[in-house]
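Quick heads-up: structures coming right below.
Both complexes shown next keep chain A, but they swap its partner, so chain B is in the first and chain C is in the second.
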Partner chain A sequence: MQALVTDLGFDVLFKGTNFTRLLGGMWVTLKISLISVALSIVLGILLGVVMTFKNPVTKAICRVYLEIVRIMPQLVLLFIVYYGSARLIGLKFEPEFAAVIVFTFWGTAEMGDLVRGALQSIPKHQYESAYSLGLNRSQTYFSIVIPQTIRRLLPLSINLVTRMIKTTPLIVMIEVVEATKVARQIIDANRVASPNAAFGLFFVIFVLYFAVCWPISLLASHLEKKWSN
Partner chain B sequence: MYMKNTKLFKLLAVVIAVIMVVGVMAACSKATDADKGVTEAVADAANNADNGDSDDTIYRTLDQIKKSGSIKIGVFSDKNPFGYVDENGKYQGYDVYFARRIAEDLGVEVEFVSTEAANRVEALQTGKVDIILANFTVTEERAQQVDFALPYMNVALGVVSPSDKVITELSQIGTDDAVIVISGTTAEIYLEENNPEITLKKYDTYSDAKTAFENGQGVAWANDNTEVIAYANTVDGYTVGIPKLGSDDTIAPAVTKGNESLLNWINDEIKSLADEQFFHKDYEETLVDTYGKDYEEELVVEGGVIK
Partner chain C sequence: MADTVLTINNINKSYGDNLILNGLSLDVHKGEVIVIIGPSGCGKSTLLRCINALEPIQGGEIRLDGELIDGNSRNIAQIRQKIGMVFQNYELFPHKTVLQNIILAPMKVQKRSKVEVTEEAEQLLERVGLLDKKNSYPRQLSGGQKQRVAIVRALCMHPEIMLFDEVTAALDPEMVREVLDTMLELAKNGSTMLIVTHEMNFARAIADRVIFLDGGEIVEEADPEDFFTYPKTERAQKFLDTFEYESVKHHDNEY
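Our next item is the complex of A and B:
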């Protein structure tokens, strides 16, 4: 057992403050993704409502925005916001802040599209029935449309949330030290003493990401089941 | 069974709710920080305009750095023994040792920025760091984009071979023999240009090349001399027969192009550090475990003077 622990490089985890540093790196990941997710949900719902407007101008703007997000790799967006902003307008963002901007920019677009889809999937007769029962516009939205929308939205948006969390290792490229970077630092510092540390460390990273994403998925499938009746 | 699950889910829901709340709170405090950052940047720009100097320069001059009380130095955080983070989370290495000294002599705090090799030029050009001290090899192409100070280390190519059949000159390599290189390295480029008669076996990664070499796929392995020296020192039965091949390259600190006040200060610093043989001390503190004492004169450049 002891030999296995050493061979697979789990021993380096317990050297000095290595494990705490790894958790610290994971906290950076979590912080950035949760802030972005929270902002994306709020902004995305607003965007989704705007997207259902029949106005051709808002339609065109939303379309262009959505296509930009779909076409551009997140890494390119990160570079543009972090380095490009400094180059073009001399704004010096902190890297974490640049990361939040990019992830929110991305999350808002995708969330907006999901909200639009969910809103449009509510059949017209639901509105008409509500009006004929004497409900006004806001009553119709709050008691009829929005509850149904949220149910349809939930599984899809949870998928988006876990996707955003899993994309965070990209922020290494704009000099943010998060979990995978800490792992690489530890591997390199021990490359002579424990050459196989990569296995142990990335296994721990896997467990950490799993611990973060699995409860979110569980909650989603639970709510889905609960609301399906 | 069903009851138990409901409890579990309730617990999970509470946990996630807490995380969300913390996240939102962090978002608010973060936003305030960021606002401050932007306001400060604008204020800085306004100050510069008032002083009438360096209007829209992206870099910080020597005076600005001193006034701010901290200097941002870009170093590697995963290139042991030049720049790495030890098990207590502290930056260490040959470059880091020098970086700490620079901050000390400037009388400011040092703030290390973990840098990726491919981003070193960009980080300087966008003013994300004041100095790059990340094993930065001086090349003509790079010198057009950033300003290099005086060198503090030598780097050349080296060739390692089995101790019982040491290759000390390239002419010893026969027509049937192969030399191992890693694709895309300076060693590959140099040998293809200058010794096209030598057969090369190319591997994509360090570990593939190492395995092939140890299994006798080639009579020698050519790579950066720091790499082959470190290899021969850790693996028994191999000797660096050619410690220096081709032209000498140097490693030097770099600043944003045009940042003369900082560049001149670093050059003076490197010159004056020669009196106390600073870089020899640096070598003995950080590199001697990897390279041994024998290569000290080969690798260290003192006072910016290349011998």
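Our next item is the complex of A and C:
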């Protein structure tokens, strides 16, 4: 048993503060994704409403924004914001701050498009049948349009959230010390004593990501089933 | 004749350059059942939508109990609650149960108590044979059941007039009857109704007055027996003939 733990590199976990450091790295990941997700939801809802406007100027701007986000790899965006900010405006962002900017920039665009889609999927007749019952505009929005929009939106936006969380390891590229970075530091430090550390450490990271994303995924499919149709 | 509920006075309605309703006038009296028929695209739906201010009109005026119906006025919601409208595709709210669909507007708009409205809704559902479905969602109902719920939902607001726009057109043939029976029952109880339909036998049975609309104008207005046996105008004659022709053809194919 002892041998197996060593073979698979789990022993390293319990050396010194390794395990707490790993959790610390995961916390950085979570913190960045949670802040970005929260900002993306708020800004994305506003953007989604703006995207339903018929104004050709706002339409064109939103379109360009969305295309940029879709075409650019997130990594390139990270480099532009982190390294480019120093060059362009002479400001050096904290790497974690740069990460939040990029993830929010990305999440807002995707969320906005989801909100737009959900709003536009409510048929005109739903408004009309509410109006013909004597509901005014705000009653129609709050009782009929928004509840149906949220039902369509929630499962989709939860998928976006898990996608954002899963993409966080990218931020090691701009020197944020998150979970995968901590793991590699530990592996390097123990190369001689525990040559197998990689498996154990990345397995733990797998479990940590799983523990965060699985419940969110479950919630999404539960809501999807509950509100289907 | 009894009091006039709805007055339509010389209205014009166009979409762009396309004139749909051309100086149309019509009075609807309390308790009267008017059936509007006419070829596809003649403006029947448009007329009903104008009455409910879902479409703006470009000339003339529509009044309910003397009050002007104007989509831009502040009290339009107040007037709309006196007009019940039932659509071809039911348009129930999919996220609410049958009962919630029915009690929503009476509670929100008329501020009636939940207990009282629920009681009334249940009585109405009982009358149309759907009390056991009160906690179902619309997606769990058949088309005919949905349409009966839509009728109950409109009725529960105690409207002064009910508008029906081809409410059986989307239904399977075997469900048409249950909806038409519900409407006949309303007519018997003295509801004021404006009905657009392609069911000629039903029209004949329920109408106090038949209006034949063509080219945005009322071409003929008559007692149903007279209209269906001896239409006065050539256009009405032709329109009714299309139904005859279709039924003969149908026969030929069958045998």
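Going forward, the second predicted complex is superposed on the first by the 227 of 229 C-alpha atoms of A that agree within 3 Å, B and C clash if a C-alpha of one lies under 4 Å from a C-alpha of the other, contacts with A are read in each partner's own complex, and residues count from 1 in each chain.
The rule is simple: contacts are C-beta pairs under 8 Å (C-beta built on N, C-alpha and C of every residue); 3 or more make two chains touch, one makes a residue touch a chain.
All of these numbers come straight from a predicted model, not from anything done at the bench.
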| item | value |
| --- | --- |
| Touched partner set for A:I144, first chain B, second chain C, both or neither | second |
| Touching partner for A:N159 - first (chain B), second (chain C), both, neither | neither |
| Touching partner for A:T58 - first (chain B), second (chain C), both, neither | neither |
| Chain B versus chain C as contact partner of A:N136, first or second or both or neither | second |
| Which of chain B and chain C A:E128 touches, first, second, both or neither | second |
| Partner chain(s) touched by A:R191 [first = chain B, second = chain C, both, neither] | first |
| More chain A residues in contact [chain B versus chain C] | B |
| Doubly contacted residues of chain A, that is, touched by chain B and again by chain C | none |
| Of chain C, residues touching chain A in the complex | 52, 54, 77-78, 80-81, 83-85, 87, 89, 91-95, 104-105, 108-110, 137, 139, 153-154, 157 |
| List of chain A residues in touch with chain B within their complex | 12, 15-18, 21, 30-31, 34-35, 37-39, 82-83, 86-87, 90-94, 96-97, 100, 172-173, 175, 177, 181-182, 184-189, 191-192, 215-216, 218-219, 222 |
| For the chain A and chain C complex, residues of the former touching the latter | 125-126, 128-136, 139, 143-144, 147-148, 151, 227, 229 |
| Residues of chain B touching chain A in the complex | 9, 12-13, 15-16, 19-20, 22-24, 26-27, 30, 33-34, 37-38, 41, 45, 56, 58, 74, 77-80, 84-89, 113-116, 119, 122-123, 125-128, 234 |
